[in-house]
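Next come two complexes, and both contain chain A; in the first it sits with chain B, in the second with chain C.
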Partner chain A sequence: MSAPVTEVVRAGAAPGEGGAPPTRAPAAGKGRVWIAAGGLLKLVGRNVALLIFLTLVILASLFVENFAALDNAEVILKQSAIPAIAVIGMTLVLMTGGIDLSLGYVVGLASIVSGIMANTWLWPAPAVLAAILVLGLAVGLCNGLITQFMRVPAFIATLGAGYVLYGLAQIVSQGSIINRLPKGFLAIGRTPMFGLPSAVFLALAVAVVFHVLISRTIFGRQLKAFGFGARAAVLSGVPGARINVSVYALCSTLAALCGLLFTVRVNAAQPNMGGGVFTFEVVTAAIVGGTSLFGGVGSVGNSILGVLSIKIIENCINLLGVSYHLYLAVQGAIILLAIILGNLTNRRA
Partner chain B sequence: MLEPLVSMRGITKYIYGGDGRPLRNTDVKILEGVDFDLFPGEVHVLVGENGAGKSTLMRILGGVIPPDRGELKIAGARVNLADARDAREKGVAFIHQELNLCANLDVAHNIFLGREPRRRGLKDAGEMYRRSAELLKALSTDLDPRLSVARLSTAQQQLVEIAKAMSFRSRVVIMDEPTASLTKREIDVLFDLIRRMRSEGIGIVYISHRFEEILAIGDRFTVLRDGRLVGTQPIQSFEPNSVIWMMAGRSIDEMYPRTHAVEPEPVLELRGLRLATHTPPIDLVVRRGEVVGLGGLVGSGRTELAKSVFGARRFHSGDVRYLGRKTNGWSPARLIRAGMAYLSEDRKTEGLIPPMSIRENLSLASLRSVAKLGFLSRPREERQAGRLIRQLNIVARSSEQLVSTLSGGNQQKCVLGKWLCTAPRLLMLDEPTRGIDVGAKAQIHSLIDQIAGAGVAILMISSELPELIGISDRVYVMREGGVVAELEAGPELTQERVVACMV
Partner chain C sequence: MNIVSAARRGLAILIPVAAFLALGSRVPHFLDLSNLLNVVRQSSITGICAVGMTFVIVIKGIDLSLAGLLAFCPMISGVLMLAGVDPPASMAAGMLAGIAMGLFNGLMVSRLTVPAFITTLVVGQISQGLALTINGGSSIGAFPDSFVFIGNGAIGGIPLSDLLLLAFLALGFFIERLTPLGNHIYALGGNETVLRQEGLSAARLQFFVFGFSGFCAAVSGLLLSAQLDTVQPTQGDAYQLDAIAACIIGGVDLAGGRGSVPMAVIGALIIGCLRNVLDLLGIHPFMQNVFIGSIIIVIVYLSGVIRRHGELATRGTL
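This part shows the complex of A and B:
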């Protein structure tokens, strides 16, 4: 590589120095109000996930009996840990403008397979963990390669893959649920630490790693650029195909980890775990966390706030003794609302 | 004196800013005070360089966009066209260069799209096919109205468009470069048709770059330049050299700096490169410290050539040799690492990531240089951004400002800055000054000269002839996917010669 161009750049100050740089006309009164309003909107926009979370906490504390209690907070944390891991993978995929609808079915397959490994084949826990992660990785690579190189839209590719996995999980399980898993295996997610199960800290660790990956690394920057404008990114040297395949690979790997952790939590391996309901919950959480369905926008922290928010809603529905199905309806409404709001703001821009 | 079918007076169209509001206070307008008349039974040819305002003027007549100022009369009555449909109902048919047919429907359905004949509220297919056949027969073609449009040749599709125009009983037909993709025989058929329409008193506006066609079919011609009317004359006074002067002849009042010197080593060599199956092989060379211009009309293959070199497009055959190595099939990422850069003509979707900041855009193509072991160093990135903002004179509040909020000129400087960060050996510039103001243009011209002076090889695509001629050491002219001329800088490199090669 030669250095000359940096020299050019250094010398490049010359041409413009003759004339004063054009100055912006001062904003008119009306314009200034708009700018202020826009700034406020931007501030809210950046922290919308936090705002939703805090609003829900306050409302629930005020109006839902037994919500504001330490052991209830612990329940919410425990319930959020596993979806928090899943939402990170989904956020990566959504940031490319894709979606992974197979996520919940990976959970089911990972659950039953981990049960068989631990109970029938008597594999030690670390081996099961490693094998399950590899299983997820393999599924994700398939998803990624199909969407990238076979030109199948992510929506269809992952939905199809999901059903394949669901069918496989049912066949593997031969219709039975595996209970009473070995202690060593259960220790992966159940070891108490500071009064909470290890799954919570596992989720925290995954979150920190992926937060750094997204916000501090070349990969993260390229992912964001690719999500905002794939063509410009690729023409700037961003390896689009590699990024597109990696996000599905990472998403399914994390989903497989979720399958294992769910199995540990309920002490039962079953093929019906996760499924479409879980996928939908994770997508909802990501959207509540401000992740854009059109790519580019997404953050680990906000997506996790999204998980906490919808888990608070679920928790309240439980505490109020309302039908669990209301939770599903609320999720659907949230997704629709988010998309409509997104479209409205896009139209204005 | 016959009353004109169309009379346009003082038509003005402003440039629109990013916020969708017209910019009234700039000197640059898309159209300024243009007058245009069309009489019954005449073929009125509209000529001008790319960006002269021909299409905009016709889009106004076709109701696609409204004028910002000026008056439009059709058949003597003042009209405000609401949209293209309104224009069509008032007798103006616009046949676009890219034909607007539904490939999945048949000929008759396309002709009567959205207004299929009805009987008792239901579509009367029989009537539709009968009337379509009549229309097509009147055009002396035996095209079957039941054929799917997807199976038609471009010429046949054009016939369908014309039949559609006739079905509206249009009195004004606008044809935007109708012969661009037709063969010689198809052109003859089209011209017969145009003559027949003319004899029936229909007025035809004909946009074309091809002088021989203009002479063959036109009655009068109008020249536009930089959004202004240069003149309207009868075709008898159409003399290619003077028309070229009318089209391109602007005074070269800008001075183009030239401090760089060409060195002998080739950086890019194309050997027998064929862009597509039907295009001729191209040989081309760009040397260290050399600015090579690539002229030609839109669609002549200039952008395709640059993208083929940059690995962003597949080409048919031949070799790309870059720094002595064959780089056929390399990805843009790999070529960028080897020091190749391509500034796209499409800033918004191929050059920049508008929702990202200046800092993030500047470093995008050279992330490794501001990172350690894959982790980005924010301070290094900020220093780099600050330096480029100063040196390229990018007008912005801070390096965190989103690129989407910058003016065109400043956006272009960001793209240029992005490539400078990669320490390029070959810089391909595709319309580097399109859509930016005069001041920024001069700065970019000066930067190009300095970059070449540092030993970078530059391949510059430009539709602006003064720029092309002013900066380049050599100019290749492209036409229909091949290089048709190579002109050295000097007395023989003139706008007239370049245009003569282009058309």
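This part shows the complex of A and C:
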């Protein structure tokens, strides 16, 4: 990479002796090619998520039997709906430069608690939904307050919180799984709409709301500014503490919603749901979606493309009859690839 | 400053000793010699991991690949051993796998500037996936006696596991105090600019530190499998948090540059005692995780407070 850059500067700097900035000066000959290549690289860099998604779709359609079928697409959509909700929260957190390793354990806790509320306490569905969202909010506020005001690094705070939540979920469940949940409760994610379960549309609604939040509101701008440089942003009047706390709160709230929807989908409330594996899947999706680990860069649409991409890979692994366990390792390889690609195309010094 | 650091040192030693004695007087059978030897034996897994983890945290990193490596490395050795390869060679293969994974972490951190917690998380996930894939997700066991002896045998009444922990403690202490390498690692964690001005390569140190941590993980994974005479593909899950907690309780500072191997091993013993006492009191392991998770957060918070206090004091604002 370093050779082409110097080439550009040299080609541009020759006519620019009169003081014009070298980059603005007309580039000639070899330099122009490099600039074009740089532009292409930038274009690729901005659309890595889309590119990965399309490549995967094409490769899978060509080489995997039964992939290019309408009902398979439906399966992928159904499976992507819940992680898509979670990845939005993770994207917000990653955009501040933090990470939420407790996400999967919030899912487990929300699952078992929603089961108890719906089945043992016989709460009506809306009440369960509201209570679960409040539960997620409370957990997220704890995460946010610990990272912001106790100044514990995010990965440690959320790792510790994850173990606490996992323990709590196991204790609450007393080691059992709750099956046969009431119909009203299952309706939250299972009502068929246009041939798809309502969970898919719920995910879509959440995505639209958060897309608007990130790209069209002051909060979104402040979030990006804070992610790029927390100190500079705070000095220019961005309420850093409020943003930092609210991203964790939103992330856990969405994770709790995922826990409820998972419970609805499999019709069983269990404390082992989610867990580290789900956290990892969501982080992978966000990074494949081009979200920067260093903060500041991220978009809802791209992260959801990331989810679809890794779900396509999971789907192919299923269709090819390869062991599911390999999916875990493959995910790791993908995340590394995405990080390396992101590093090459989106380098921030 | 002196008061702060003295308080730090004093507290780090006094609190565990006081807690230890208090527990001993309260919990029946805790201070029995057989129980204490058992605690040390159980702590050896965490302790050996903590030796490697200490250096990683000192250079401001963290190693979240332990959970995967603790299963992946012994799985390789185990499969080889069952295939008829003699134990030393199989174990060497497992250790090499651990070192390779660790060096890969070092590569990602040093050359691609990926944050340590991400690359190690990813490598851990890959190792975990491979550990599950190698044997289709099921455990393997019934290893040769010589291998099982490492985990369960004793020399002169002292369990071999304890001796191995002692050996790693000595090795870590030797690297930390008696080699230039140790100085450089602390320099990298404390003030990277100085290191660069001295013309030393940060990358090479990062390779060493992550590789060493991978090696420690492999050894403790093998030891765990030798103790249990099985390799279970998710056996590492429980130990990662404990290893991090051991370092943090032993005063290794997540902000880098501060901490020592012996204290981290003491941290591992504290965790071991804590788990043992909670076991003796009949408290479920899940509840123990709740305790340990909270303890980590609180200690990181407190050490941050102490550090900032110290910084203010050195600047003379206090």
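Simple rule for what comes next: the second predicted complex is superposed on the first by the 310 of 349 C-alpha atoms of A that agree within 3 Å, B and C clash if a C-alpha of one lies under 4 Å from a C-alpha of the other, contacts with A are read in each partner's own complex, and residues count from 1 in each chain.
Keep this in mind: a residue touches a chain if its C-beta (ideal position, glycine included) is under 8 Å from a C-beta of that chain, and two chains touch if they have at least 3 such contacts.
The model shown is predicted, which means the values in this text are computed figures rather than measured ones.
Undergrad: A:L70 in the overlay: touching chain B, chain C, both, or neither? Say first, second, both or neither.
TA: Neither chain B nor chain C is touched by A:L70.
Undergrad: Could you look at A:G167 and tell me whether it touches chain B, chain C, both or neither (first, second, both, neither)?
TA: Only chain C is touched by A:G167; chain B is not.
Undergrad: If you stack the two complexes on chain A, which partner ends up touching A:R231: first (chain B), second (chain C), both, or neither?
TA: A:R231 contacts chain B only, not chain C.
Undergrad: For A:I146, select first, second, both or neither according to whether it touches chain B, chain C, the two together, or no partner.
TA: It touches chain C, and chain B stays clear.
Undergrad: Let me test your reading of the model: by the given contact rule, A:A157 touches which partner, first (chain B), second (chain C), both or neither?
TA: second
Undergrad: Return first, second, both or neither, reflecting whether A:L62 touches chain B, chain C, both chains, or no partner chain.
TA: neither
Undergrad: Which partner does A:R221 reach: the first (chain B), the second (chain C), both, or neither?
TA: A:R221 sits against chain B, while chain C stays out of touch.
Undergrad: In their shared complex, at which residues does chain C touch chain A?
TA: Touching chain A: residues 62, 64, 67, 108, 112-115, 117-119, 121-123, 125-126, 128-130, 132-133, 136-137, 237, 241, 244, 254, 284, 286-290, 292-294, 296-297, 300-301, 304 of chain C.
Undergrad: Would you pull the chain A residues touching chain C in the complex into a rising list?
TA: That would be residues 99, 101, 146, 150-153, 155-157, 159-164, 166-168, 170-171, 276, 280, 283, 293-294, 323, 325-333, 335-336, 339-340, 343 of chain A.
Undergrad: Can you check the complex and tell me which residues of chain B touch chain A?
TA: 310, 312, 331-333, 336-337, 339, 342, 344, 349-356, 360, 363-365, 367-368, 371, 374-376, 387-388, 390-393, 395, 417-418, 420, 422-425, 439, 442-443, 446-447, 450-451, 453-456
Undergrad: Where on chain A does chain B make contact in their complex?
TA: 1-17, 19, 21-22, 24, 216-219, 221-222, 224-225, 228-229, 231-239, 296
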